[in-house]
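Once you scroll down, you'll see the structures, which are given as structure tokens.
The following pair of complexes shares a single chain, chain A, combined with chain B in the former and chain C in the latter.
This part shows the complex of A and B:
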């Protein structure tokens, strides 16, 4: 374990602040902790609104907002080669030693990993989502993933279920795939000073109200539970196309005074919503990891969740009640949770969460993966092409063609803008006193 | 299971077992890329694959070859009318006899036939026929300025489109016993056939001929799937017999018209009812379905928006 080399890491994803979600959170906290470990981290994402150019965040985290416009669901238009010059410039300018891409949906991530491999950098990829194998969209995504992962040095998944999924989708050997979960900022998600008093039990739901998050299950479960327990109240935070259905349900069963709809909750306010409740309800139909459960548990809430994807791995059995994604079973699980509730002490739960999950631990484990990736032997173009060729009868040849064109384009860019002409960033350290 | 996870410092002599959990940091003694026997143990392969047998698939393909023959017969009538072999009277006779036989089939195969329903049908059909008769002069002059070759080309492509999109499993107009309402593709298919009939009709010399041929084509395209659907529901054996008879009649008529077309149709029918089923069975063994905990859960109730 003599690997105390300092790395210069480029994190690439379409998803970063000011956008908000699990991936954005992961990149930010991981980068912060890596900075604390002494590495240098640079983030690359696409422009958000008029936020383009270079920005510095807390702790000297440098963010490149590349001037490419998102065209669909915060994704940039896939151009294959359009991003090559700027990625090359950033890689050389920042003296990057390793590229780390996040999220399979992100086109920017796929392109950056491809160009980085062509330029001979070691790359690591983190997969944050689960995918099936049956529909057209998944088949397409799986091929794209196979292309990116064919040549990736190491891959990381957020749960064991996600690892199984990624190995099946990409044909990567399982030894190359690491499981490093997300974590939670326990300092931010603290339980309230005292529990909400009284006889009332508050069940909190915070999720986007869309089909995949199981909003339709909520429509069935909420009236049932309200009928069974007159002292239960629901607080639903989040917005989405299914919000109308929930509001219809509320009116149909005249539960206006017992189901509170908050609309979209900004992340800074999530904690204050969470501590107003006793039970956290997650009704997702698919979930690779689910950070929301961690945040709730860290606030001392007992979680009731559907048994899907990686959720069963997330918490010890005595901190979560799992149910099949079926309204009847979920009502049973809520009954069980309500009976367990007197035994739950939010402070104790919070202390346990502090030991179970820290971003510092995540960063340390990621560092090990980086060291492994850097130890991978260098490969010449022919060896790499043969790997692509084995990806499929037609796809393999197509992938090879894409890679060969990339190599040629790189040569062209090298002629057009020689490496010596690109200015390297000067070394400087940010003082550690947080003033902003 | 006891949940003591903070014993990473206290290394107990028996090596702790690796657990498939994400909490508690790195598990002592195991790397993060540890893969044990439990890897992929929840994967299910080919869970919902239906085993098909050749006979069943061939029986199912009968409805396709039967409908191909119906369309071929319509094409024959069109050709004979354009060549003036069939005149107005014989065409009208054909219309009436088709309508009559269709009604008889409906009466015989339906369990519940009320006088009311019959009256309803007759009223609808008389409206339909009157409308068509009134519109016949318009169809007559519709494509005067277009050459016959283009009309034939468009008609043939429309008929091919019709055959590709036709819903062979049900009937185009909603039969009382049909499970689901017709979908978009079958509607497109029906419209393609109607447009094709209008184009052909517009090439004919007299208004009465236009009316007769339109009535004939629409009767077949609208009601033939319905009638065959009724026969199929009534008795599958009868349906097979009917289809076989239809195939023989069609082949003999096409043989009289043109030998090359006969060979083509025969090859098509063999392909549809023998080669394709065999092929389907053959490629079934390559079927590979993967299911596991990563799949999106299916809701067990209907969402009514």
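This part shows the complex of A and C:
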């Protein structure tokens, strides 16, 4: 019976609506499905412009937009202890049973997990990205991750490659890490009623035009494909610093009529762009999962992608053509995809995607992780400190010091605002007046 | 007369004489000796420090007067803005008067005509360090909400009867779902 216990979950990340992206979508859809399973979900993020305070979203999803301003790449300033009072207040007033942090980039996530563990809550962490081991940024990020994951109850990764990467970076025991892939909202990403007619083949690219997403590969691949196939046209959606290079390539090879640059595409318009094409091209140089591929497949497009990170795990072999992140190999993959096009039925592909990737399934699997996390034994401060101490000769001592200060600050905050002064929020049910 | 308390506040509700129509709700700050004690200690330390410097170190009267001046400023800062109670006077068909009573005896009053109040709402406020419930008034022709309690953050159980009284006075339906919906 314990496994059917309903949880009150606090999702924490710097990345959430009105921002759009993989992490934001993941938190939103996972929360909605957990609400449908009978759990209570509260999201905590930083303020976005004028969007501060408490807001309610579909299905009664409660969101705390804490008035901490982002300072870099949508991240709040890492203060270590500045967020302790507000996190403590939310945990108590919402009667939270478990804290779920998302994305290693998020400073708010790291701080929330640290304070929650200090307060004795069980925590789960989901890693959505892959990182290197060599550059300064990655070394620093990996140390921060090692600190956070030294004390988590359970961790989740979006692919087996991502799990391997996280285990290597953080030193977390592999048995504590679960693989739960992302899903796609198949109701939102449907194929068009009619397949794009005519002899023309449209290849769609939708991604941020940055180095990591392989924009430089596109610069070399597009002219080559256009030269080989006079009936191929490219539609490029997205914006970024590498857009200039694509514009230059278009001018240089006189491809203005064959390469359409859409600029930034709002999430609501992605489906209408996808259904205008036959092939989806993903040129990422690193990817933990790649939801864009799922969205394209759900719209009935055959995918051509670089064989990087967790991409080979995402789709069945007959739905995707993989290539090395090399222009020559990618051109060969596109040639293969064009030859496979007559066999592709968008409607059949969509129906398969419906069965393969559902957010309900993701929520059910996440629920199992929550149940396991709540069964983890409680540890006293000394046991926890010994785990931090094993994080490195100097780093271990530093982590211990950070945690000791956190414990002392918690005692101070408890004196300043005793638990009985924090009101628990009343329960209320959301009535659905509309028919689904 | 209705009255109940918690660790920090006392809520009282009575009807103003001679007319039973006028509804008065008070949120009274309960005496907390910690603050006064800290102020007294700080003032004492400042004064003693000044006197010692004046007597032992043979330093000018200027330093002594400065210590007196700083002590006075400290006491003023702590007590001038300190609130004793906040009141809501509901006058049906006329308006709502919001009062803030300070330790110094000063009373700040704000009057809102009944016709200007569109709806009283209970909202959750979030600051960078805490969350609390607040009672606000949605006013006609104004983008910003008006806080009923400017200085104090009483608990929800004290706000609910005031909210209900305001709803009745304004003729708006009591609806518990007062938060903004998004999505």
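Note that in this section the second predicted complex is superposed on the first by the 430 of 436 C-alpha atoms of A that agree within 3 Å, B and C clash if a C-alpha of one lies under 4 Å from a C-alpha of the other, contacts with A are read in each partner's own complex, and residues count from 1 in each chain.
Quick note on the criterion: contacts are C-beta pairs under 8 Å (C-beta built on N, C-alpha and C of every residue); 3 or more make two chains touch, one makes a residue touch a chain.
The model shown is predicted, which means the values in this text are computed figures rather than measured ones.
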* Asked: Taking the superposition as given, does A:52 touch the first partner, chain B, the second, chain C, both, or neither?
  -> second
* To do: State whether chain B or chain C is in contact with more residues of chain A in the superposed arrangement.
  => B
* To do: Could you say whether A:93 touches chain B, chain C, both of them, or neither, answering first, second, both or neither?
  => second
* Should A:64 be classified as contacting the first partner (chain B), the second (chain C), both, or neither? -> second
* Classify the contacts of A:104 with the two partner chains as first (chain B alone), second (chain C alone), both, or neither. => neither
* To do: With the two complexes superposed on chain A, say which partner A:85 touches: chain B (first), chain C (second), both, or neither.
  => second
* Asked: Which partner does A:42 contact after superposing on A: first (chain B), second (chain C), both, neither?
  -> neither
* To do: Could you say whether A:410 touches chain B, chain C, both of them, or neither, answering first, second, both or neither?
  => neither
* Figure out whether A:426 sits in contact with chain B (first) or chain C (second), or with both, or with neither. => second
* To do: Sort out for me which residues of chain C touch chain A in the complex.
  => 7-8, 123-133, 155-156, 176-177, 179-183
* Complex contact set, residues of chain A against chain C -> 17, 52-58, 61, 63-68, 82, 85-86, 89-90, 93, 417-418, 420-421, 423, 425-426, 428
* Name, in rising order, each residue of chain A that touches chain B in their complex. => 130-134, 158-162, 164-165, 167-168, 174-181, 212, 214, 216-217, 220, 245, 285-286, 288-289, 306, 308-310, 313-318, 325-327, 355-358, 361, 365, 368-369
* Structure fact -> Interface with chain A, chain B side, in the complex: residues 1, 3, 5-6, 20-26, 31-33, 35, 39-40, 42-43, 289-297, 299-301, 303, 305
